[in-house]
Structures are given as structure tokens and as C-alpha cells.
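Alright, structures below, take your time with them.
Same chain, two partners: chain A is paired with chain B first, then with chain C.
Let's turn to the complex of A and B:
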């Protein structure tokens, strides 16, 4: 029997040690990142045919890139597709950067750019003349966000944006005789009436912290500021707390549901008329159409409710095309990124493939974005988003650890909707944990 | 093997004895090499890398200064000790284990004894039926149960609309149920095969002494399969501390499963911050905790079980 014991112990020893360690050990090499790469600061054509790699999660991106490859035999682009950023692609990018072999180009959302910059993962594209000259073409706030607070810098090319407006069930509002709210005060009042009619005015999704950030953005707040010396963290700023208190009140009075976002259950709530509005970005138009197909023709879009005294615009999402540190073909990569995000040809293809809402001033005026949309009863919905987009403030700043901020605030929000604490307390906890996370990476924080 | 060793000197002169030893050595090396290489590559190297990574800290200048990794000694381990979320998650899985492991192994033992008793008909059918859930991949099982629990989409809506199994209070036990469902059959099979190995003479003797089936199960079968039960218990303790797939799948059904719900989920979300050094330190501490707990359990139980 003693031998049995020993055999058992030996058999156990190995796998348990591995199992616990494997998560962190997984294939990250600390090899020379950027070794063998072109010196930063040079944007010269290679003078020979090159092949670039590009990772993106836009549906149908292959077809758009095929147009480029057709016209540019000397700059071929290979597309790799993956899950959306926080769904896994960012983790891959970080691992690839650490291993020293990132793709040449990658799709990165605006909110994640500082995170990649702080890990020293991005090339400054403004060293390329064509990029520096293209700044005027982009919607102001997008160009300011890719600059990351640095004069004359561009760490990515803006691709699309997500100005926010209110999707609402016109039929239900009309039946119940409820006015379409234009201010947040009216929205709360309407919420009571909707609840009496048996529905919820909307669903508060505790996982969509970037949507909440959009609300704060609209209220003229900001969560971060980089003063050049240190980061200021302001998750608990007045605007932020005002928004938190507002939603906490709706949650307390059971006027909004709190199903987890992007689940079948959530789709079901929208599809069966349990949720009457959704304050979401322009790309949300597709999400409703695919998640709630039974409600076709019943939805309309109106400007998002406003705070008193603030005529603001919120933004949720939107991507950029960034070039990773270590690329040997900065010039070619920047040429491709510019074409992809500014040329009419590419933008039309992106609109067709993925309903992308461009980040250029001319792009949002394209005919494809002036047509009525059938799912919305033929309403010219992009008109509403154009107006909303024009109000988006260029002063909102993302922090360098947004993945962590989203996780921590989302955990706090989840607790709040199940009755433990409040949204405001979750922001306070998030403020503390964010400062701790910054300090853990030696990122200076202003007191 | 022993016959070769004995035959060899008889057949030939004494000198080849040495040769035989050498031949054995290389044979051993050949057999061990594939395992050794894979073991080094996929076990020792990653573990070593994780330990090394856990001693690193990041330094930088300014708000966007490029990071440089330097040796930081045990700084990350101090962060681990200070990290409330980590210890809360350990507490959570321990609570989970204290309840779930005995329930699961109790069920597995009862099923194994039933299968082994002469009273049960359709033994092959039940053996397969109990084992079938283990053949369902864990992720698929979690998705299936996620829908079964769902307050609005479950086929048992009258029940799930009343009791929200996915709420913050119950979700841990909802996950425990999934894990039990998947692993009862697996553990049952280990115990059952150990029951089959008991010589029938023992039962015969017991019956001659007038023992009932229940008495045989209680006084003979259970003590004799104790080593198997302990083995399954240790596997289960390890499995509990490593919980990842089920809670992660449940994140798409409920917001009650936070990003630091279990230690491994916390490691995962820390690694994607990205803060690989802290994640590595979490992993090392978790591995040590698992190691210590498994061996403590073995030490405590082996005196009773193996003597």
C-alpha cells in the first residue's frame, strides 16, 4: 500500500504544478521587442515589393483588402481576423508584442490606444508626411484621440466612430401615449410610464462600461487626463457621479432591467418588447436588427436625452488602424492605413461590408449614409448620428489601463445591480483600483 | 526483465554483465526521453518561466515612457498578499470545494456501490448513463446549464423565474451543480474499477460469516477502495482551485460572475491588463497553495486509509 501512496503523490505532483502556472507561462517570450526593426522616425519606401500583415475583426474585411491588393501588387496585405478587441485580440496583440513579432497593422479601438502606447507598442505615424497632412480630413475628436495628447503625433489612423443616439420603439411609445424624451429628466419620467405599461425603458448593462463612459462623455466629463508629468484619474468627477446617481435611481426604482448585455436573454428582451429604448452608438443599428428581428419597422432613432445646460454628444466605440512597433515597412503600412480609412473606394466597401460609420468628415457624407434604412421604417437614421457626432467633445481622454478599468468598474456595477453597494461606490472603488494598477506599472499618477 | 538478468551470466562470460547494464541504461533513456523532453518543454520550462516572470517589475519614465522590466525580488508577491480580490476568490473556491467535493464523491461512491452490488439489473446501461455527462465537453455542459438556469429562456421557466439561480447569491452553487453533473460519472468509474479489483474470495468469506450486502459494502468495499476515493478527492481539490471554464462561460449568462470570481479568472484578467508579472505571481502562489493542500490532505488521510 505504501507504493500506491507514493505513486499517487508522484502522479499528482507534476500536473498540478503545471496547471497552476500555465496561464501565465503561456508562450510569452521576453525576446528583444523591436529588435531588427526599422529605426523609429524613418518613413521611407522600401523600394521593393513588401507583404504586410493586418489583424482586424471587421466582418468582410477580406473583401475590402482584396481591392487594395488588386491595385497595389507591390504592397500586398495579408489579413488575419480574430475576435473583437477585448474579446481576445488585444490579449493576442500584447502577447505578440512581448514576443517581438506583432503584425504590421492592427485594429485598435480608441479607448485601447493609450494602453498599447504605454506598453510601447505603437509607431508614431505622423513622421510620415502623408499622414501628418491628412489630419484635417478626420473628425476633430478622433484626430485628437489618436494624438494621445502629444502635439503633432498620430499613433493610429482613425477608422470609424460611434456617436450615440436613442433607439426607441416608436409603436410602443405611441400606443402608450408617452412623449419621446429629449432630456434625462424626461427620460426618467417616461421610464415610470413605461414601467406602468409593463415594460422597461431600457436595460442597464453592467458589462458595457464603455457605454457608461459615453454617457459621462456626453455630460462633458472625462475619466482621465495626462498632464504630461502624470496621469490624473477622475472616475469620480462630478459629471461621472451625476451619471452614476441618475442610473442608480432608475435601478433602485426598478425602472430599468439589468440583464447581462450581448446575451441571448438580452436579445430576447429587445425582441419581445420588454425593453423600449437603447441609448447606443451608430453601429447599434445593426445589433438591434440582428438581435431583435421580430421588431423590424418599429424602431426609430432620436437624439439622446440631454443634461440640462449641456448640449453634449456621447461616443461609444470606434476603431483605428494602428501600426505596431517593430514593423519594417512603416511607409507602406501607413499608406495602406490611409487608403483604408480615407479613400471613398475603401469607405464605401467598409460601409457595404460592415455598416462602418467613417471617421472622416467626407466619409460621413457619403451617399450610402444618406439613405433611409428599412429596419427603421425607412428613416434616414444617419442624419441623427451626424448631428450627435458633431457634438462629441474632443476633451475626453482614455487611460492607459482601460481593460482593467472596465473589469473593475463592471464588477462593481454587477454587485450594485444585485443590491450590494451603488454605482457611485463602484466608481470610487474603480478610482482606487485604477490608481493602484497604474502605480503597479510605474505609471506616474497625480495626487 | 529479471529473467534476462539471471540468464545472462549463465550463458556467457562474466564481462558482458557490464554490457547488459549499459544496454539497460540506454533502453531506459530511450523510453524516458520522449516523456522527459515533453515534460521539460511543457512543464518545467513554463513553470520556470512563470517563477522568473513573477520576480520582474516594470519601470518607466513619464506618462508614456517605454516600460523596462527589472528584477524586483518579491515585490509582486507582496502585491499578491495585499490583493483582497485574490484571497476572496480563494475563499470562494474553498467554500465551493468544501461543499461540492463531498457531495460529488458521495454520489460517485453510492453509484459505484450500486453498480457493483448484485441487486442491480441493467448494469451496463447505468454505467454508461452515469458516465455520459463526462463525455460532454465542459464548456458545452456549462452553456447547456446556462440556458437551463436562465430566468426567461429556460424550459423550466416557472421555477427559474421564481428562483434566479444566476443571481450573485446562488451562482456559485449553480456552477457547483454543473461541475458535479459532469464529474460524478468520471469519479464513479475510478471507484468502480477499484471495486472490480477486489478478489471475490473476500466477499465469499464475508457472506459465509453472515454479512449482509450493506454490511459488505460498509465494512469491506469502502475501506478497500479508500485509496481510490482519496485519489478522486485530490483530483477534485485540484480541479476546484483551478476552476476556470465553467465560470467563464457563465459570464455570458450572468453579470454575477465577476472578473475575479475564481483565482484562475483573476490570473486571466490580470494577464490581459497586461500585467504578466503579477499574473505569474498569482499563479505561483496558487500552485503552491494547491500543492500544500493536496499533500496535507494526503498526509492526513493516508494514515487511516493505507494501514
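Let's turn to the complex of A and C:
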């Protein structure tokens, strides 16, 4: 199903991308010339009641928006829904932009923002004073990512984040007398001991390239950069290759399993104690609780292992609320987006409805995120994620063709796991295919 | 997730059982199919060698297993608790709690699943009914009236069979956008009432099963063309119409891509799209993993019922229609 969706969305996007090529090229030049903001509407209140449409796939978002609608009779927000972004909603957004009827607001993950920006689909919210002034409230890296490298720009309001830490089976580690690793070197050593004890230290999922990107992020690497005129692609940077070589070594020595992620076998590996750790995002706490219910009370969370000389944090996932080009109510839309992602009542409701982990500095201090979690033996796990989140570098940049990058690298990783080539070679191939993909869309690439 | 119902045993084994070498029109082939299926009782049908019989049974058995295993798995999985889902044998029952699961899934989000099932029935039932009527009239007209451009028209319609519905979804979205009709009931319903394959089938069937003499007799008796169509021809074409209805119903029920592109309001979703949405956020709401399975099981029940109910018409009808 997953591949089908991908194939479909790719097939769907292809003609649009071709059609949008000329626009994209033009948009880039304009943006570089500083004319990008001039064409978008000014941020003025409409002075009359308005109704906005907002597309999001967060379960239970209707209840959160109902709080706003209650308090703001003149700015009513209508919720539209759909599958998650790569499951079809992004493709829908592009179709709607093409047809000229996008919603006013939409949920977009951080890694997809550049794609929408390159196709000139987003309003710059920084023209609204309140938004520009709100920058300090957000965790640094999130604000940097919604700016997309443009000075004084904000193409979306950060919503949630996925700082990464290490989930581990405290009981198994204790029984086997293995120390909880704090560096990647110790992690590899522990992996050997775990293997001797009959388990695998973790599962390397070849489908979750954004998890791998989180590892690279943590190693202070980045896969892209936009210097204002062209995109630099650096899938094969030193940090990236270091991470790839590290995991390749574990795979070669059969110290990690390589089950496909999010499948029943994968759940089963965690549920039966075959997999001992998982380095994952804060929302992974639910995935384990859901996939491995028999292990309740045995898991704990510790900071992810570190590279020597780097005290970094990784991030996996996270969304924003963006305003689409063509809205007639930029001011109202930005007001709603700010409320949704910064106000205490909205954040509390989002945490309750869908376990979102906020993107504001105050949001992650909310009481709901300071409580102990029963599944984790009552540990205050969010404490660990808070610390991890504070270390996430603001210098990581997503490229404009992440779907293609994920697909290509994932193909290479799958081959590597089954013994053909290495993770490093997969990144090299991904580097080439990414540059080709950018050039095919007339997106300038720096040599 | 959206297709298992399309592989019900009724459609699968029939194809395998069809005797080779028969390339007569679909009506006759369908009749042969029925005959073959009845061949379960040893007395009827031509005698076959034991070898070919065993071979056929073997192939049929393998296919039946192939088609039924996923449904069996779905049934078993729907009776389990979330913990047993991963922890116990996938093809056998653990602690059966189907009732509890059903109650939970129908209660989730204010019972939205019922709404989705109702939508699916409205899209598929209404759409298939109208499509059958339109296709029946069109096929009948092409078969029974001589007019200039008749073959051209038919060939154009036939060309429509070759264009996959998926390829039309995006153009349809752009067209509906022009008239601000996306995200409405009609944006999914209207494209569903067209069935080029239905036109093809009814034309062939009308040509074979509606005698010209009968129509002339009706005309002599003073019956108008429309009246003749509804009172005489429809009855003669009934088996073909049931077939078209069934095909179109299943096609609309399983058409996932068009609603995905057109609809944003969860109140309008058909059940396939709704379940897909749930499935795409299982990471955030763990209990949805089970709900998707139970919902999928519930969603194939109407299709199975429809097949069982219409099968009767289909058999006897096709039989009587094809024997001149």
C-alpha cells in the first residue's frame, strides 16, 4: 500500500511539476531579488466576518478548532481532513494550488515546506507583525526551518516537533548486566553483548529515511543548503557518511536486525524482547505502547548516544501550519495559526487529542508534559526529550524534493541490507539522483 | 485494504473453470460459466477425464485459498485485542472479543464509520443504478437502432473502456474546480454514473437477446419506443443489467483515488477513504490500528451480501437469456 501511494503521488505530481517548472524558476529569482513579499497581500484585517478553511490530518483536530470558533465568531475556521501528508494530502494541496482553490491554511511537515516554497505555494507570514514578533517563542531550529533560509521570512508557523532519544528495555539491560550506552561507540559495544544474549540492540529500518536524517542531524550534518541562489546537496557530507559507515558496520556484523518498519514482525520484535532499544522521536513513545503492549513498564528513555566531540540532538518529524498563496484573509489566517500553535489552551488540547509535542519553548514546559508515563514505569520521559530538543541544531536544511530523496535512498538502503552495496554507496547514488531531480525541475543546483 | 472484496470466490473460480477454446460473445461465455459452476453435481455436463477434473479442482483450490486467506486473516484479526494482534498466531483466534471491538469502532469519533458506510452505499448504490440505466439505454440504442455514426459512437465508447479511471481523476478534479464543485457529494457521484464497459456489454447482449421481431410486434401494437424499452427490452436484458450493476457497484465501492482527490470533508468520505485516513495516523492514535482492521471487515460485508443476493438473478437470468 505504501509503495502504491508513493507511485500514485509521484505519477500525480509529475505533470504538475512540469507545469510548475517555469513558475518555480521565476519564483526563485523573484525571491532572490527580494520581490517575493511584494506580490503577496498585505496583512490587514478584513473588517468583516470571515470563514477560513484549514486542512489537517491530526486526529481530533475538530475539537481543538471548536475552542477557537467559540471564542472568535468573526473568524470561523472550517476543518477539512485527509490522509497524512505523503499519504495523499500533499498531492491534494498541489492539485488545489494548480486549480486555484487551495484551503486558507494547511498542515505541512517541516521536510515538505521547501517543496511548497519552490512551487511558490506559500504566503510569507512574516509580513504580519504579530507573526514576526512571535519568532522568539518558538524553539530555535523550528523558526529557522520555517524561514527557509530567507532573511525575515516565515512561511509557516511551527506546530510540533520530534526530538529523538533512546527507548530501551531497562529490565533486559539489567538482567544482562550491560551498561546503558551514552556514546555511539558504547552503543556498538553494547550491541555485541546484546547479540550474545540472544537479542538485537535495535532494528535498522530501511524505509525510515527521515529517522536516518535525524541521526545525521544529530551528528551535526545536513543534507541540503540554500545559499540564496542555488541549492547545495550534501547527502555525502562527512557527518552523513560517518553515520552510514557506523550502521553499515553493525549490519555487516549482524548486530542489528533489519525488519521493515511499522509492520507486524517489527511490532513483534519489540513485543517479544527481540529488539532492545529504539532511537526514535518523542511520538515513538506511543508507537511502542501500541505495538508492544506486553512490555508495559519495562521500557525507559535515555538520551540518545552521542558522537565524540558533538553534543547534538536529532529530530524526526514535526509539522507546521502554513498559509497558502491566494488566501484573501492573510491576517485572520495568521492569527488562527498563531493561536493554534502557541496558546496554552490549544496546545493542551493538541496534546490531549493527538499527543503532539509542541514547538514553542513554553509549550514543552506544560504540566501535561511533566507527568510520569505509566507505560514507562512512571518515568517523566518528556524531561529527556526536552533536553534532547534543546540540542537540536538550527542548521539542518531540508531539500525541495524530499519525497524523491526518501524513495531513492530507501531503495539503496534496502539493497544494502540484503547485501548489495553499502549504505554509503546508497547515499552516493542518492546524491546523484537528487541533483538530477532538481535539475529536471529547473531548480538551480550549486556545483 | 480496498480490494480484497473484489476477489470474492464467485468471480475468481469461475474464470478458471471456463473451458478453453470458447470465444463466443460474453453472454454465451457467461452462460458456459454458469453451467460449469453447476457441474459440481456429477450427473450434468459433458464427461471429463479424471485427470483434467482433478487438475481443475487443484487449480481452483489453490486460487480459493489464495483469495480466502486474507479474508480469513482479517476475520481473525478483528476478533483480537490490540495486544493479541501482534503477540498471537495471525491465522487463529486468541481471546475472541469481536463484539467489544465492533462496539468500539462504531463508537469512535461519534460513530463516523456508520456515516462512511452510508456514504459508500449512496455512492455505489445510487451510482451503479444510474450507470446501469444509462449504459443499458445506450447499449440498447446502439444495438437496435440504425443511425449515422453508430459504429463511430460505439468505438468511441469502447475506447473509454481502455482509459483507467485513475487517469481521469486529476482532469476531473480540475474540471470540478472550475465550477467550484469539488468536495461535494456530486464530485464523486457524477463521474461514477458513467460505465463504458456497461455500454459494451449491454450492446452485445441486447443484440443477442432482444429479437427485432419482438420490437416490431410491440410497435405494431402501438407501444412507444420508451415504453417498449422499459416493459419488454429491459426484461430481456435483465441478466446483463444485473451484471453491469454489480460490476459498477464494486468499481465505485473500491474507487479510492477519486474520493481521495475530490473530498476534504470527512462527512462525505466513503468508507475506503475514511479507513485509509485512520490508517495513516495509527502512530498518533494507537487504537486505530485495530479499528482499521475491524472497519475493513465491516466494509466488505455489504459487498458479500450483494454478491450473494444478486448471484441468483445472475445465474438463472444469464441462462435463460442466452438460450435462444
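Heads up, the rule we're going with is that the second predicted complex is superposed on the first by the 407 of 447 C-alpha atoms of A that agree within 3 Å, B and C clash if a C-alpha of one lies under 4 Å from a C-alpha of the other, contacts with A are read in each partner's own complex, and residues count from 1 in each chain.
Rule of thumb we're sticking to: a residue touches a chain if its C-beta (ideal position, glycine included) is under 8 Å from a C-beta of that chain, and two chains touch if they have at least 3 such contacts.
As the structure is a computational prediction, the values presented were derived from the model and not from experiment.
Engineer: Looking at the overlay, does A:80 come into contact with chain B only (first), chain C only (second), both, or neither?
Structural biologist: Second partner only.
Engineer: Is A:264 in contact with chain B, with chain C, with both, or with neither (first, second, both, neither)?
Structural biologist: both
Engineer: Which holds for A:291: it touches chain B only (first), chain C only (second), both, or neither?
Structural biologist: Only chain C; A:291 stays clear of chain B.
Engineer: Does the superposition put A:179 against chain B (first), chain C (second), both, or neither?
Structural biologist: In the superposition, A:179 contacts neither chain B nor chain C.
Engineer: Could you tell me if A:44 is touching chain B, chain C, both of them or neither one (first, second, both, neither)?
Structural biologist: neither
Engineer: Mind working out whether A:100 is in touch with chain B, chain C, both or neither, as first, second, both or neither?
Structural biologist: Only chain C; A:100 stays clear of chain B.
Engineer: Quick check on the superposed pair: does A:410 touch chain B, chain C, both, or neither? Answer first, second, both or neither.
Structural biologist: first
Engineer: Which of the two partners, first being chain B and second being chain C, lies in contact with A:120: first, second, both, or neither?
Structural biologist: In the superposition, A:120 touches chain B alone.
Engineer: Between chain C and chain B, which one touches more residues of chain A when both complexes sit on the common chain A?
Structural biologist: Tallying touched residues of chain A, the top partner is B.
Engineer: After superposition on the shared chain, which partner residues are touched by A:362: those of chain B (first), chain C (second), both, or neither?
Structural biologist: Neither partner.
Engineer: Overlap the chain B and chain C contact sets on chain A and report the shared residues.
Structural biologist: Shared contact residues on chain A (touching chain B in one complex, chain C in the other): 1, 8, 12, 15, 91, 98, 262, 264, 268.
Engineer: In the complex of these two chains, what residues of chain A are touching chain B?
Structural biologist: Going through chain A, the ones touching chain B are 1-2, 4-5, 8-9, 12-26, 28, 30, 90-91, 94, 98, 114, 117-120, 148, 150, 206-207, 226-231, 258, 260, 262-265, 268-269, 400-401, 403-404, 407-408, 410-411, 413-415, 417-418, 420, 437, 440-444.
Engineer: Going by the contact rule set out above, which residues of chain B touch chain A in the complex?
Structural biologist: Of all residues in chain B, those touching chain A are 39, 42-43, 45-47, 49-51, 53-54, 57-60, 62-64, 66-67, 69, 79, 147, 150-153, 167-169, 227, 230-231, 234, 238, 241-242, 251-256, 258-260, 264, 267-269, 271-276, 278-280, 282-284, 286-287, 290-291, 294-295, 298, 302, 306-307.
Engineer: What residues on chain C touch chain A, complex-wise?
Structural biologist: 1, 82-83, 85-87, 90, 166, 170, 173-174, 177-178, 180, 182-183, 257, 260-261, 264-266, 273, 276-277, 279-289
Engineer: What part of chain A is in contact with chain C in the complex they form?
Structural biologist: Those in contact with chain C are residues 1, 8, 12, 15, 53, 55, 57-60, 80-84, 87-88, 91-92, 95-96, 98-101, 103, 262, 264, 267-268, 271-272, 283, 286-287, 289-294, 354-355.
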